[in-house]
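Labels A, B, C and D are assigned to the chains in the order they are written; within every chain, residues are numbered from 1.
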Amino acid sequence: MLDKSIIEAENAKRAADLETDFNQLAERLDRKGIDINAIVKRAQGFGVAVPSWGTGTGGTRFARFPGEGEPANIFDKLDDCGVIHTLTRAAPSVSLHIPWDKADPADLKAKADEYGLSFDAMNSNTFQDQPDQTQSYKYGSLSHTNEETRAQAVEHNLECIEIGKAIGSRALTVWIGDGANFPGQTHMGRQFERYLDSMKAIYKGLPDDWRIFSEHKIYEPAFYSTVVQDWGTSLLTAQELGEKAMCLVDLGHHAPNVNIEMIVSRLIHAGKLGGFHFNDSKYGDDDLDSGTIDPYRLFLVWNELVDAENTPDLDLAHMIDQSHNVTDPIESLMVSSIEIQRAFIQASLVDRKALAGYQSDNDALMASATLRAAFRTDVDPILAKARELSGGAIDPIETYRASGYRAEVAAKRPKADGSGGGIV
Amino acid sequence: MLDKSIIEAENAKRAADLETDFNQLAERLDRKGIDINAIVKRAQGFGVAVPSWGTGTGGTRFARFPGEGEPANIFDKLDDCGVIHTLTRAAPSVSLHIPWDKADPADLKAKADEYGLSFDAMNSNTFQDQPDQTQSYKYGSLSHTNEETRAQAVEHNLECIEIGKAIGSRALTVWIGDGANFPGQTHMGRQFERYLDSMKAIYKGLPDDWRIFSEHKIYEPAFYSTVVQDWGTSLLTAQELGEKAMCLVDLGHHAPNVNIEMIVSRLIHAGKLGGFHFNDSKYGDDDLDSGTIDPYRLFLVWNELVDAENTPDLDLAHMIDQSHNVTDPIESLMVSSIEIQRAFIQASLVDRKALAGYQSDNDALMASATLRAAFRTDVDPILAKARELSGGAIDPIETYRASGYRAEVAAKRPKADGSGGGIV
Amino acid sequence: MLDKSIIEAENAKRAADLETDFNQLAERLDRKGIDINAIVKRAQGFGVAVPSWGTGTGGTRFARFPGEGEPANIFDKLDDCGVIHTLTRAAPSVSLHIPWDKADPADLKAKADEYGLSFDAMNSNTFQDQPDQTQSYKYGSLSHTNEETRAQAVEHNLECIEIGKAIGSRALTVWIGDGANFPGQTHMGRQFERYLDSMKAIYKGLPDDWRIFSEHKIYEPAFYSTVVQDWGTSLLTAQELGEKAMCLVDLGHHAPNVNIEMIVSRLIHAGKLGGFHFNDSKYGDDDLDSGTIDPYRLFLVWNELVDAENTPDLDLAHMIDQSHNVTDPIESLMVSSIEIQRAFIQASLVDRKALAGYQSDNDALMASATLRAAFRTDVDPILAKARELSGGAIDPIETYRASGYRAEVAAKRPKADGSGGGIV
Amino acid sequence: MLDKSIIEAENAKRAADLETDFNQLAERLDRKGIDINAIVKRAQGFGVAVPSWGTGTGGTRFARFPGEGEPANIFDKLDDCGVIHTLTRAAPSVSLHIPWDKADPADLKAKADEYGLSFDAMNSNTFQDQPDQTQSYKYGSLSHTNEETRAQAVEHNLECIEIGKAIGSRALTVWIGDGANFPGQTHMGRQFERYLDSMKAIYKGLPDDWRIFSEHKIYEPAFYSTVVQDWGTSLLTAQELGEKAMCLVDLGHHAPNVNIEMIVSRLIHAGKLGGFHFNDSKYGDDDLDSGTIDPYRLFLVWNELVDAENTPDLDLAHMIDQSHNVTDPIESLMVSSIEIQRAFIQASLVDRKALAGYQSDNDALMASATLRAAFRTDVDPILAKARELSGGAIDPIETYRASGYRAEVAAKRPKADGSGGGIV
């Protein structure tokens, strides 16, 4: 665990400048009728889940280049998540991936408690074969033509729910890679029906206060067709399953050029938006760090969410889902948490009354300018102040680097090899 | 009207070769257990609607280069459609576009009867302003912020239904260009709700034996967001309207790389597939001639349709929707009718029993090969034989050129100028 | 011409707040070792050309919805450009489009002098037919199979040079729509050779102190292939023509997902970057307002330009090229000028020394954060101060609206109709 | 090695039908003035190289699902390549990947001789770290900021040349994954210069009768920028290196919607087309089996190649580059060889004289129809006859399955595990 004195020492170096910047921003916002302290409170209330697997170095089908001090198991991963939340105060929960993160629930809870972490949605895995597995997922899992393979995949998901119940999770995210690499390889209609049947079997095992998230993805690992390829199919799935079934949007899982914030709006309309996997992308499911490629797109997504935040029953699960191939994963997860939080806070500054007027008048230029004005506001002082007030670091990266944490765990943890793909 | 003797003379030149080719193909298909005459009957039963506006030369926002003998009104257009059907026997109906095709219903029916043509789905237009129009559609039509503009657009659609009733149409296709060019220009959720309200008002005016088609399009003319941007939104629309509301798929209206045949499969699953606008595309909504860019994709769409042809209540409206910028529109429409028919017939040759076996066994290679074997079959003799048997031309293009029709109408019709965009 | 007193009155309302904001920003930048006044000077030195045709309302192939007070001729357009520059001080030159803007050179210069405007690159037009034209461009212009058509197109370009010489222009931009809508329609290799031959003929007519810009575009108006489809072909063209030939990059003319800033870098490496057409896009050549869809991409382009600004012989022509379909074009052009200037100024704030260090150390996280820190700086006070110091408006939009200019010209100019495509 | 008697037995079952089909096709082609035997000779002369690594099951970053009897080393791989060529007679050479395929050159040649195989281009690998490697390629190889890393990568390429010389190869293909995952991570201009310097060092070591191929790829494994991202950069590279440097086109390495056959045409114009990596794709670098997604695109590429086949100095290296994730790799490679051969033969049937006439007359419809007519010709009897005449199998897949080869090697070879990415 990080020594709090490091945070204090690093914060002390930056506190005066922060105060200046914060007061200047407060003055500018005040001129627009915005109370900066209310915004700071919103920032403090923000949290995004970290995926346990995100703490390891990711890779591609071409290679994985491990970093120093990679976590060897779920407890190492929780330690890393603890660092992230301690410094950012913006990542209070962890999302587990089964089977890799299986462990005694009491031990998991105890470790999480050390850092004030809770457990977010459970993630099942049926896109890899495990050594002891009876049926292979080479040709699919929940939608496989073989009944026994489907049953095995259903059983695995039910097990994820059981584990989740023991550690306080309240949701199951189902993403499958099932699809086809050739036209004709599968009967797309019957494959979807098999998928729905399997999902219904899982749904039956879902506790009343749980939700199940259906996550779509246009392609990869299947390269011709994918069972849940877009939000339309995800919606059909959630509709057929029932009211505990919701759609989850991963920002990188769409066709080129698709307007993602519009999908967000449509799923809100349909009452089926369940949550997000945050990341950024330029070409495909690149799993790049949130806000590093197209920060305005991230803002536009949050603009929809802030606009709809009073919608009855809208209860969103926010998770980061990235592949950190060339950075220290802890650093990337800290920065990403903050970038997501930044978009949320920028979207909170939109003058919605003025915007509604411009929209009503079809004053496209001023409506657009209203969004950009909020996006352009440098809310760094708000985010830093929120962290400071919550006991985190004014500058999480510099504080982390000053702490020597990575070198410390590198000395303790076994050295990882480069084998294996990027998803663990 | 084309002189039948021209068809006979041209057919006479080609009849012997056709007989040879047909018999050879019959022998090859027979070896696979396929009765060629049953396939010829399927070809004879095929028909696709021609859009009245497709008989004029199309254009882009950069220019329109008119051709010789452009049709000046709906009766000229029906004459051109008559030529198309006379020669191909594959285009027995016409789809009208209001307001351009407004005319006395009795006159329309009389003219259509001359050629044995019927009237397919009606198309409303609210993406252009007409000279006499009270409210402008610059900022939208069915989803406009202004109630009066929406009412005007609803009224126009109801008028289309009235006209359609008088001429024997049974469906209304609604495509709107409403959307936004800037983030923030519209509130995407409220804009969709206004659209749905307008559609419900139109739906109320729909006769019991009619259907209404909702057509999605990712972009253009709106370049940031479009109200009905994808099949997910189209599905939501059809679901909210009721059982007479169906989704129409235009092959060129999707994001890059999207698997269109999969959307077809999903809409069939949802019981909401209503029909198609056929064309081909390489970059966007290019409206190129069907089957000229990616003929295998067209085949894969038809593979889904033939596979599902016994689905209860599946009743599809097929129309061509292309922009003929550099060809004689009559020629393009003839070739396109045949290319669509070709894909249908190729898909009819798929060995579905073998395919189902390969799919069940996850023999991806042979499943894929089974589709390609059908696609590879040169079914030209079947299509030509079907035309010959139905009184059409063995070679419609050569016969058309031999007829001198274009020169004849060029001499009679007023010369068109290059002004105006491509959509009339 | 705008009454200066309006600018003064509007500026007076905003001067105090600007002073506060400016001083606060000066203090923050000073802490980073940046002298704000040097940056203000850079902003004052910035200028982007306005295309004459951009002052009219644009459209799509579906429709054009004209606005109030559309300019009826080049002198009206120059008046509008005068307003833009007067208020923003960032748009000091105008780019003409021939044949539409043909007029007596002395009159053109006199009108431009009124507003302190100069003339940027000339633009030829061979993608539309003019009423008096002998050869049609329906099947191409500079690359047409017909020698006389090519000669006519070459002649038109030479005429553009002559006009340009008379008004002080120093460059010719050649963009052609030549290509094909069908595989096979043209022989792509021979078509390119014909294009090169025509370009060589134009190049021969180029004065020694002129440059010729080759502009690539992936598609539209041709929908299968385009002669100069990407920067590779544009580079080949510029290489074959000679040292006065350079490549022009229009931000919206690329395939989906393409990394545009990398093309900028490559063309700088090749010594062939000549200039830009600025706009923004989400789907294709959407011609949306600069910086409204992906402002970070615009910043990344400018990051390359600022990084390379000391490259010998780098002399870039910057022009806006947008289609203003739903806004007042004057407003869009003012905002766009400022957004482009904003990206330039943000890029000027990048800590290049720190960045080089991170790059050298492969500290991807901090390198990326260094760019984002510059992008995030709200440089509005710098831009506003630059305008104020140069005699422009602190808030150009509000000042323009206060001036009543649009209503004034609407009363004087003839009412435009909605016919015609979007490109005039 | 496959028992020839199996081929004979299987061919015997199919010879009579083939004879019928062949004669019928001969008659149809004869009517068009085409001598089928000349076409059969072209088919017999065709050959495409098989990549050694293609004989193993591929995978994605998510998982690899190995098949039965995976080759354990280069000699197993050569055995598999021997089967492919024995049955198809269309895959007479093998392309090695170093370091995996390193072995005693005499042994390699001896094994290849058994099957009549030769060695095609050598492939270096600097996108993975090897266990014994001093410098890591995590942040690049030939373009790395660290001089020693670049030197190591250059040295590896020189070693590949040495190995190639010993086994009769005549070319080196260089593909690197170098790039960046974040804007700012690398200085794109300096990174390219470092790459060029490294390539020049390799070029110096190239024998006079060798060629070096530069292969571009838009993205993956780098997800923001890639050093050789498109054919423009590949062309710049080949131009700077010299006349032995050529560009290699992998069909799956382009941005969405890009017209690949046009790039082929442009590289032929520039005198820099060196060869191909064949595969098919729907979304990205999917590495799917050639001709299974868009067979017409493959035909259009071959249409350019056949059109240009008499170009002086055009000497193309053709290789398959696919990832066989769900099929028996031997089967996929056999089918793919034949699909590539099919496109070549279909393109050989294009009536080029008629086509040139239509192009000259701008008869887009008939020009396009001329290409489609050739594509539509079912050339299966030609391909089968070519195989039969060359001693191969009329039906390679059925013959292979009848041979029991896979089960045989599965019994002998060690069982592969699922670890590792898809590229070995």
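Descriptive notes on the structure:
As a working rule, contacts are C-beta pairs under 8 Å (C-beta built on N, C-alpha and C of every residue); 3 or more make two chains touch, one makes a residue touch a chain.
For reference, the UniProt names are A, B, C, D = L-rhamnose catabolism isomerase.
Worth saying up front: this structure is predicted, and the values here are computed from it rather than measured.
The minimum number of touch steps linking subunit A to subunit C comes to 1. Contact with subunit A and subunit B alike is made by C, D.
With B-D and A-D as the two chain pairs, more C-beta contacts join A-D.
Of all the chains, the one whose CA centre sits at the greatest distance from that of subunit D is C.
Taking each chain's centre as the mean of its C-alpha atoms, subunit A lies 39 Å from subunit D. Centroids built from CA atoms put subunit D at 42 Å from subunit C. Contact of a single residue of subunit D with at least two other chains is seen at positions 138-139, 180-183, 185, 218-219, 224, 256-257, 259, 282-283, 289, 292-293, 296, 326, 362, 364-365, 368.
Those residues of subunit A that touch subunit D in the shared complex are 58-65, 127-129, 136-139, 177, 180-183, 185, 218-221, 223-224, 256, 281-284, 286-289, 292-293, 323, 325-326, 418-423. By the touch criterion given at the top, residues 17, 20-21, 24, 27-28, 31, 256-257, 259, 282-283, 289, 291-297, 326-328, 331-332, 335, 362, 364-366, 368-369, 372, 375-378, 380, 397 of subunit D touch subunit B in their complex. Within the complex formed with subunit D, the residues of subunit C that make contact are 138-139, 145, 180-189, 192-193, 218-219, 224-225, 229-233, 235-236, 254-259, 261-263, 265-266, 268-270, 296, 300, 303-304, 307-308, 355-356, 358-362, 364-365, 367-368, 370-371.
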